[in-house]
Amino acid sequence: MRRGMGEIADVFPGHYALKDLTGHAAIGHNRYSTTGASQEQNAQPLLMKFKYRQMGAAHNGNITNAGDLKTELERGGAIFQTSSDSELVLHLFARSRKTGTIARLKDALMRLEGAYCFIFLTDDELIAARDPLGFRPLALGKRNGAWVVASETCAFDLIGARYIRDVEPGEILSISRKGLKSTHLPTTAQRAYCIFEHVYFARPDSIIYSENVDKVRRRLGRQLAIEQPADADIVISVPDSSNTAAVGYSEESGIRLEVGLIRNHYVGRTFILPHQQLRDLDVKIKFNTVRGVLQGKRVVIVDDSIVRGTTARKLVRMVRDAGAKEVHFRVASSPIISPCFYGIDMPTKRELIGSKRTIAAIKRHLGVDSLGYLSLDGMLSLSSHPKTSFCTACFSGKYPTRINRRSGKLALG
Amino acid sequence: MRRGMGEIADVFPGHYALKDLTGHAAIGHNRYSTTGASQEQNAQPLLMKFKYRQMGAAHNGNITNAGDLKTELERGGAIFQTSSDSELVLHLFARSRKTGTIARLKDALMRLEGAYCFIFLTDDELIAARDPLGFRPLALGKRNGAWVVASETCAFDLIGARYIRDVEPGEILSISRKGLKSTHLPTTAQRAYCIFEHVYFARPDSIIYSENVDKVRRRLGRQLAIEQPADADIVISVPDSSNTAAVGYSEESGIRLEVGLIRNHYVGRTFILPHQQLRDLDVKIKFNTVRGVLQGKRVVIVDDSIVRGTTARKLVRMVRDAGAKEVHFRVASSPIISPCFYGIDMPTKRELIGSKRTIAAIKRHLGVDSLGYLSLDGMLSLSSHPKTSFCTACFSGKYPTRINRRSGKLALG
Amino acid sequence: MRRGMGEIADVFPGHYALKDLTGHAAIGHNRYSTTGASQEQNAQPLLMKFKYRQMGAAHNGNITNAGDLKTELERGGAIFQTSSDSELVLHLFARSRKTGTIARLKDALMRLEGAYCFIFLTDDELIAARDPLGFRPLALGKRNGAWVVASETCAFDLIGARYIRDVEPGEILSISRKGLKSTHLPTTAQRAYCIFEHVYFARPDSIIYSENVDKVRRRLGRQLAIEQPADADIVISVPDSSNTAAVGYSEESGIRLEVGLIRNHYVGRTFILPHQQLRDLDVKIKFNTVRGVLQGKRVVIVDDSIVRGTTARKLVRMVRDAGAKEVHFRVASSPIISPCFYGIDMPTKRELIGSKRTIAAIKRHLGVDSLGYLSLDGMLSLSSHPKTSFCTACFSGKYPTRINRRSGKLALG
Amino acid sequence: MRRGMGEIADVFPGHYALKDLTGHAAIGHNRYSTTGASQEQNAQPLLMKFKYRQMGAAHNGNITNAGDLKTELERGGAIFQTSSDSELVLHLFARSRKTGTIARLKDALMRLEGAYCFIFLTDDELIAARDPLGFRPLALGKRNGAWVVASETCAFDLIGARYIRDVEPGEILSISRKGLKSTHLPTTAQRAYCIFEHVYFARPDSIIYSENVDKVRRRLGRQLAIEQPADADIVISVPDSSNTAAVGYSEESGIRLEVGLIRNHYVGRTFILPHQQLRDLDVKIKFNTVRGVLQGKRVVIVDDSIVRGTTARKLVRMVRDAGAKEVHFRVASSPIISPCFYGIDMPTKRELIGSKRTIAAIKRHLGVDSLGYLSLDGMLSLSSHPKTSFCTACFSGKYPTRINRRSGKLALG
């Protein structure tokens, strides 16, 4: 096992290290931590040694009853090695009275609430598990007869694997020399696919919940142009996350798409400069305006979403500084009003601008000539899944599972 | 002084280190080495200690008579610390019989042939110097009363500095507590601005040779559409370097611009994977196709230039694999037929596909339905400078200075 | 907490790091690992987080029923973080049904068999515990009103602390702001002080088991001269461990003590040289002979003990190469015939030369003119403690506790 | 080439690195810097690239006209890479008008004043050079047909090489595939062997200036007993540097030798502890007293020399604290009254206790019952070389070469 903090290239500095990891099965995980401190010991995959065996585990998502489970396990004498919620399932597995790996895992997973996709690696099998409501995407692929599992299908393209199907909500999929074996946790018909994956998180070249992200995102942009038209000369995107939505907006509205913001790709890991008087430097390091494009124009900026509003505000100022005559801000999703407890890293409710200000107030705060959000109903209508299949908690405040707020984000660590 | 190999964030891992560099003047340099081995000791800025003083130096460009000068200096007992051509000027400075920093520098610079922008830092002044033909851009800016000098003006935007003017060809500009002082090397009216900066190298949000890169590059795309039209459904760019040219092509041709290639920005420093059977992986790690956009379409790919042709060939294959019906490749510059000896890192003549194959052969090699390059005359007509003001060596094979090929790239080290 | 592999200066590279460790109580531990692999994760002190508290632990000794305890705990769902036997006590502590730190610790320690001195550090107390038979030494000292605990009293001299008394066999000593508090595990009158500490392990300037090591070791040398006289010109020691015994031998025998072997103190961590043809290099790097002293002399070499016999053999060859006429080897302890399961790192029985060869055969193997060991009875008579108070397992094969050989050295990991 | 700061094991952390250094000739150098700052760039061997060749250099000694030479070379345009005096010879070599490596080296060496042993390594020869007065020892050895050169012959013992002869004062010895070739600098009959090598610096198991250090040092101890007898119970040495002298003192005086001070060999690189109130800790970390040996005794401490007197004073206090009734300090050399400019690192004249205080005052400062130094004449009479063959500058203040004090230690850097 090899793991560390930072980007992949930090942990695997050359091709040498990868070569050293021999074997016929592996887990690769790049965790964007949401629970537990950002520390080396919380890096994933986790690797634990049990009697007669060891097990590696990688986790995408967030366990909402983690606090209660940890308290219960510690009372029983468990000693935790990390402050991450991902370790819980391994202690539950170790204490299960069942026999056999899958039976013990099932026993452990049934205690969990919230969102999870797990990959477990034992000496002889690779096991993928997805929570019964299917919050996060998890896809099964195949390459030269070998099974692969990934959060997003763009990873399959990279290695030349074919997308086969999604790991189903509540499914436990075991991959071994004997082939594929599927069992299920007790499930309901309820689904809670994260809509924010389509809006922002997933890559446009992925297929999630059986749909092309790119196509859904283009429709979001088109629908935005219908719901929130603008009288303007050019449309620009906030690269790269809103490129596709901006194309959709431009197509539907007939307003010309231009490259008005350049993203600096060489930033890599940003580093903090000491001179605090360099106002807006963080955003300036990431983006630069193209004066020749913007000067004297009435500009529509299409962005995928607004979280705190700080980046949007700085971008608007930069676009104005570059000579834009008018700035019309269009958002290809609804206002974010509630935090996510299912694995998307968001600030607290107090920091969400959509939670504490009216749209009119946000417009003033951003300093734009007009501001338009996509409606929630509009968003949900653009997928082939029923509207009720999605978790819209961040946009609607309606959580599909009970949330013990104490047990959420802050209860661990 | 702090320097190292790799990206800026590798050399300055946190904000701490920057804070530690105190003083009222500084050189920052990110050198893409073209002469001399890629070794720690060749990292820039160079810092040398002379009698009673020390001097730091950063160099952009390439000295074409470096080999002869090095031989001459070593015969006179000089011991070189690096294998970089940038060190020559410091030895010439140390051996000058003149008095005074500027006079000694002038004496040293007059011995150099080729392309250079130098920044020197002594205990009390910062000196910028540009070669008499002006191969590489160098701009002077101002921020809160402080002078700054940079290769490209986009660096000024970042720190909120204003672009004032270019450092002129042949100018030696001294910045000290006493203000700005300008002197000149003996100059001619001849100019040799690198046209490749406009085609590819400079950022679109920069001003070089007093012109917006973005505007020139857009005109290259428009002119390409005029010279090399295509019967197609969509135009896509090879992100991000040809985005602007693709916009120009789309505008002029009326063919819709689409996002058909996604660039993966999280790659950072690439690492080589051991499985060589993963064909085209290097390009796949960098780009991914958007199947929904390309499927069944007649596609124009706009690229800024073709060097070896290997990336272009792999991209074409990926676009075809994603379902494109026809692929028309359009290049916003002329065929590259000769190497650059003035600081752009290019392969040898034998590796340049434009040097060894006809356009018909390149078309077959890339596997495209049609291929069109921009004419050299077309390229040169899009700037406000006279056509003769540019160095076109890589496109025309005509070098504006004598080139002792032995003294070029391979003669050092 | 700060820990690492290697020497103290590797883990604490400058005085800076030590300053960073703030607080009013601390554990310092330099573990010479005997059980569990030599890995970073096994480095001590261990630090574990329990519900509402954390606890650090350092361990000197070896738990002989570690294998059985680990099996039992893992059956109960415990997940071990290290392969060291030292972690067991923390799991037993976590699972204890008792209330209060000392009561839980007592509960845990009563499950352990074998040799241990533990130091535990909680947020508000430092706890020292020694096993009921007292295998390893543990001393209590005082410095400026602050209590300190150390394996050997030479550590007290270093920081100017005064030796107060030994932590008693079976004692649990708690040090907190409220002062010293002592409780005891159920004890017997049986003692098993490690005699090898006096022979070799302890520093001569320490007091262990209430006796000066230096004085006991001198008496071993004197007794050796009585039991095993030699007709020789000079006595030399194998520096530095047998210096004191050699002085005793010289005094008693009247044979002049000389410095015939020099120890190279600059070796630090040895590094392996690639040229295997450099025979005996490991010993040569450590020792050099003084030819002027040895040439033409009949030499008595006094060593503290013989384990494998490889070093002794090489030393004898070096002394002969330096011109010694006769070599008489005298050992200030009995033949080592059995491995230690109580914390002294010794090879397996098969590698112990005293276990597999007769004294006559060892004499031939070493290539000496005569060989003499001290008798076991002689060794035991030189302390003020009754002969039965010592563990003589390595010399006699009689273990003072039951040893489940599977549970010993090899059962873990 | 591989070099670094610290001990050998720091620079070559495993056997791996050594294996990587391939070739048929090598320089190994562990420099204890006396001139030039202690910086990575000053680490030796130096490696410089000249026209058509490169040369490595290692230097033991100190160039006394370094300041003047550096000024002269810098006026001629030389750029120095280090602040070490060792680099001078390479610049002089580079600027020599002679032809051929040896002729150019001779040309360069003849400009140097002071003490030096140089080892140069070119692509095809290894060259050893010793200054005409022979300040520092340099020996030639042979191992399996391969020539080796070392400062001290104990290095030969380690690798199984045989000592052949000294490199002579003023000799330049070239070792190549063609064999050994010797030339000489213009020499005089004058010699200036460093007597301090015999007193302290060299290892007792070495041969320097054709004499066993061990035998000379023993005679120093015997002579000391004759010149400075003491009425005492035991003799102890300050380990390990004065062990041999103490044996000599004990033999001659008939007073029993004891081990009263233990040196802690595990210290390695010392680290500074933050609590400055821990008085005398530096010496305590290095030495510990054996109370049982010293208590109630009249003790002779034999030391090789006294420099500042601080360590001696602390040792005396420690010996008294351990119960010694009387302390008689005996020094196996004369008072040090003048600094060394020939390569032994000594403090300034003002810090030398022998320079600023009378012997009576030193006795009071150390707090001893009696103090006795060896006479200079006594020291010089114990070698087989004429008394005039030695440099006694540190004991007599008479320097065998002119010393421009500005050009000495402080003039560089």
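Structure notes:
Think of it as A, B, C and D in the order they're written, each chain with its own count starting at 1.
Please note the rule applied: contacts are C-beta pairs under 8 Å (C-beta built on N, C-alpha and C of every residue); 3 or more make two chains touch, one makes a residue touch a chain.
Every value quoted in this text rests on a predicted model; they were computed, and no experiment measured them.
The fewest steps needed to get from chain B to chain C, moving only between touching chains, is 2.
Of all chains, the one whose CA centroid is most distant from that of chain B is C.
Among the pairs C-D and B-D, the greater number of C-beta contacts is found at C-D. Our note on geometry: chain C versus chain D, Cα centroid distance of 36 Å, whole angstroms.
Centre-to-centre spacing of chain B and chain D amounts to 55 Å, using the average Cα coordinate of each chain. Along chain D, no residue makes contact with two or more other chains. Pairwise chain contacts present here: A-B, A-C, B-D, C-D [touch as defined]. By the touch rule above, chain A contacts chain C in their complex via residues 48-51, 71, 74-81, 90-91, 94-95. Residue ranges on chain A touching chain B, taken from their complex, read 7-9, 12-15, 18-19, 154, 157-160, 203-205, 212, 214-215, 218, 240, 243-244, 247, 251, 256-259, 262-263, 265-266, 268-274, 278-279, 281, 284-285, 288-293.
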